[in-house]
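As written, the chain order gives the labels A, B, C and D, with residue 1 at the start of each chain.
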Amino acid sequence: MKRVGVLAREGLTEAGPAITALVGWLRARGAPVLLETSTAALLDGACDGCRVVSGEEVARDADAVVILGGDGTLLAASDLFAGDGPPVLGVNFGKLGFLTEVAIEELYPALEAVLEDRFESEERRLLHAALKRGEKTLTEADVLNDVVVTKAALSRIVELEVTIDGRFVSAFRADGLIVSTTTGSTAYNLAAGGPIIHPGLPAVVLTPICPHTLTYRPLVVGDESVIDVRLCDTREVEVHLTFDGQRGVALSSRDRVRITRSDRRLRLVRSPNRDYFEVLRTKLKWGESTARRR
Amino acid sequence: MKRVGVLAREGLTEAGPAITALVGWLRARGAPVLLETSTAALLDGACDGCRVVSGEEVARDADAVVILGGDGTLLAASDLFAGDGPPVLGVNFGKLGFLTEVAIEELYPALEAVLEDRFESEERRLLHAALKRGEKTLTEADVLNDVVVTKAALSRIVELEVTIDGRFVSAFRADGLIVSTTTGSTAYNLAAGGPIIHPGLPAVVLTPICPHTLTYRPLVVGDESVIDVRLCDTREVEVHLTFDGQRGVALSSRDRVRITRSDRRLRLVRSPNRDYFEVLRTKLKWGESTARRR
Amino acid sequence: MKRVGVLAREGLTEAGPAITALVGWLRARGAPVLLETSTAALLDGACDGCRVVSGEEVARDADAVVILGGDGTLLAASDLFAGDGPPVLGVNFGKLGFLTEVAIEELYPALEAVLEDRFESEERRLLHAALKRGEKTLTEADVLNDVVVTKAALSRIVELEVTIDGRFVSAFRADGLIVSTTTGSTAYNLAAGGPIIHPGLPAVVLTPICPHTLTYRPLVVGDESVIDVRLCDTREVEVHLTFDGQRGVALSSRDRVRITRSDRRLRLVRSPNRDYFEVLRTKLKWGESTARRR
Amino acid sequence: MKRVGVLAREGLTEAGPAITALVGWLRARGAPVLLETSTAALLDGACDGCRVVSGEEVARDADAVVILGGDGTLLAASDLFAGDGPPVLGVNFGKLGFLTEVAIEELYPALEAVLEDRFESEERRLLHAALKRGEKTLTEADVLNDVVVTKAALSRIVELEVTIDGRFVSAFRADGLIVSTTTGSTAYNLAAGGPIIHPGLPAVVLTPICPHTLTYRPLVVGDESVIDVRLCDTREVEVHLTFDGQRGVALSSRDRVRITRSDRRLRLVRSPNRDYFEVLRTKLKWGESTARRR
């Protein structure tokens, strides 16, 4: 029998009843449940046959994981489950929920497919970003959505220089730059004017934020590219690097961010009754005719 | 004889020779010169017949002022000279110089026109912005370019609610919002995707920064509008209000920024040989055909 | 008692019951009804006390006119009612209905306000466009929405030169150019990437269609501007000029379109329970958060 | 010795001297020259050792082809040379010349590399488009840049429905739709707001033209996708399908355009001293800082 991990956003008390029901449903089917420690605290009553374990143990031992929260919850958890980890089923308790696309009422058919081993999953490639100062790597991380270099609110514009595979691409002044995966193309990239890219494509998109260069356009390149973003000069300018909008570090003049394809992928359990384009339409209202909506 | 004020960006040593030449040129024509204190330090040698005075005295006593620096210098000085102050002639020593449109070699014909009282000037209306917390006004300022509400680099998106003349306009999630004068329409507004608005129009433009709402578009309204921007909720979000990109303050949940037309205008001396559209073309490369540029 | 004109899109049989009810409602209140000839054909049964007259007579004799159809119907009728004509109340039977903003169920409160002379109206300024070949004016018209110069589907791009008040603005290559009123700013202009402009502003917006010039941006100028759009060269290129998307003429090389403010305005009866921003939100879904729409 | 084909845009008399010099240069090196019939007419004087042949014979017998003209010339010729044809070197005599990227002065080093068999080439995948009416295929073609469905100048907007691999993507109203290769991404796609896509990616981009749907964004999908564009209803609307902007056919209601990856690729000789990003910067002025251009 498949072992199912359950993990919710810390403190998401409104998910308590849903988690309690979910755990009951899994136990009734005889599925061993791995309950992440902080998630166990949200449970209403005890759970026979549940093991309360750390996130790392969920990643190691579960055959599938249900994550309850918003996209931020899934982004934060993706590092835990990418690579050799179990496939992930995101249930939306957040605002937009593009990644956590399954609504709570759709969860059970999806889980049933998982338990009966007739589910489909898709692999989302992560990007690796390393912050270099001279020859030293100061920090590095894998991201599911995007790596963003951006100025602070009170700073003047930042000047960035981009090279790809060692070849100079452009130097430009802007509020910042988004380097996004195809998965992230519907997130911040879209808000900044970037295109939607099907997750099946081995691509990365570079989208400037408010470029002070009217000719600038988003650029889509292969994900095997080695992308270097160099901060030209930061006198008076406070600049930050953020990973998936979750964690940030301050940059100094001449710092370089090197972005490459990660070896790891995150497996997402596919909703049995929605395809990618339907998610686009229902979540983003993409391509929906205003005329039809009256 | 006209009294001419001279003011440069603090520490702009490369403008020293130009200022020395300018002051000599003015003195040779018998024009009394009012040299702003920190600008006097840039002068190469002494200046007979120059009065070294504060910026406020320049504003009070000069019949025209030459400002040397970039657009930031002019923005910083606009508060000093708007209203009853003398007309201002911006000489570009910065990068873009949309406001300080006169190149140093064009300065003398423009100044000659000023001394002979046959110059044209145009009045640029300022916007007034007041930060309100409950009934209290925490800070307020007049801006020449724009008032910007924007999230910090490491923060999640901000949720804003806009009303105009007390009527609800929209609530939206974005990186921020720019409320720009027509003068500012070619500055940050343009980088964020806003339109160019001729400075002769009594208009204000509201342009969102990276809106997480695909339907959002820049909105141009009359400058007699009373615009209120309310911060919906700032849990975990650091949000700032900036005036002309020069000065910023932190906002708290439920703070409100009220933007109205200022009573004051800044008089800009018009370049004798360039019109507005030429400045657009040469500074922004606006509307220039790429095909023609080979 | 106010005389009310009634005019529907020709052949709009599904509006028959609504027109019949409307006419009955007006007659019950003792209001004389002026029924436009082709509209009378849609009526279910006879109408006591209705005068069946031409559109021109409706314009001359009615104190207010109800127009049933889509925005195209109102655009086509605007020429008839602009200037000294009666105020117009557009009832939406079309797809989008931005101009014909009143839904049929909202009609009666609006009409009641009209009959009791306590309604508000707003004046929408028309633009005048004249097609010039050398010194000759080939055709001219007033438009409520826009004047569009555009290439035919099979043609290569068109090269246009724009001057405003005799000063050169730009020459650019594109699929075409939209010169739009503030009223038209929410129509074709919006689809081409132009801003929304409040109808209270005395403004005109120039928005290129697919410009082959990455630096091009929409330009908003005062409506007192004299705008000339000259076709640079049309070898092999078929180019058309359209008025409000309703009527078109073919252009030849070196033809010039001169666009100026019209003396005429169209009076629109304001809906008693919707303001401009609400129409933006409900019709365009403008500024609506996708997150909220789940 | 390599046989070199030479083909110019018909009637391009200003290329006469360049062609004469080119042919002389090739003959001096002992390279057999295959001169396309209409190109031979542009030659100044006779050519010893030149064979004057049809375009088809050039495609069959040449080891490399020089094409002189603009991008239109290369697009028109691409059908001739794609698949098993010789690699192509485009020399720019047109306006923009993104494909015909080699300037005449750069031609000889490039050709020298070709003759010495030390040149690099890159393969550009073509798209196949077939116009279907019911079960019948009315016409079909391979394109190097794009397939465009677009309304005529005087027509109202067109309503299109897109499916990919049989799954419904969206129905929307617009002026039209561009389905572009990566090669075409810098052409019409860019003018309509689409992203730049590196030609190494196996991708296709769908970009609407002036969508009347504010939520619409360009969509990038894998080139193995089967894309169907169906015309919803064309009452009163004249709609055309164009192949590479070179050839067009009229569409009827319910016609369907099926777009798939072609088996054929065009081999482009790579300029020895320019990479892809340099061409972007110099031809499109892409990413160039306006500040730097003063």
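Here, contacts are C-beta pairs under 8 Å (C-beta built on N, C-alpha and C of every residue); 3 or more make two chains touch, one makes a residue touch a chain.
Note that the structure is a prediction, hence the values are computed from the model and not measured.
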Interchain contact steps from subunit B to subunit C (minimum; 1 if touching): 1
Chain pair, A-C or C-D, that carries the greater number of C-beta contacts: C-D
Cα-centroid distance, subunit A relative to subunit D, in whole angstrom: 37
Interchain centroid distance [CA atoms averaged], subunit A/subunit C, Å: 46
Cα-centroid distance, subunit C relative to subunit D, in whole angstrom: 40
Residues within subunit B bordering two or more other chains: 96, 190, 212, 214-217, 284-286, 290-291
Parts of subunit B lying in touch with subunit D, wherever the complex brings them together: 95-97, 214-217, 282-285, 290-291, 293-294
Contact set on subunit C toward subunit B in their complex: 164, 167-173, 190, 194-198, 200-203, 205, 212-222, 275, 277-278, 280-281, 284-291
Partner subunit B, residues of subunit A touching it in the complex: 72, 96, 150-154, 156, 174-176, 188, 190-193, 209-212, 214-215, 238-240, 242, 245, 248, 284-286, 290
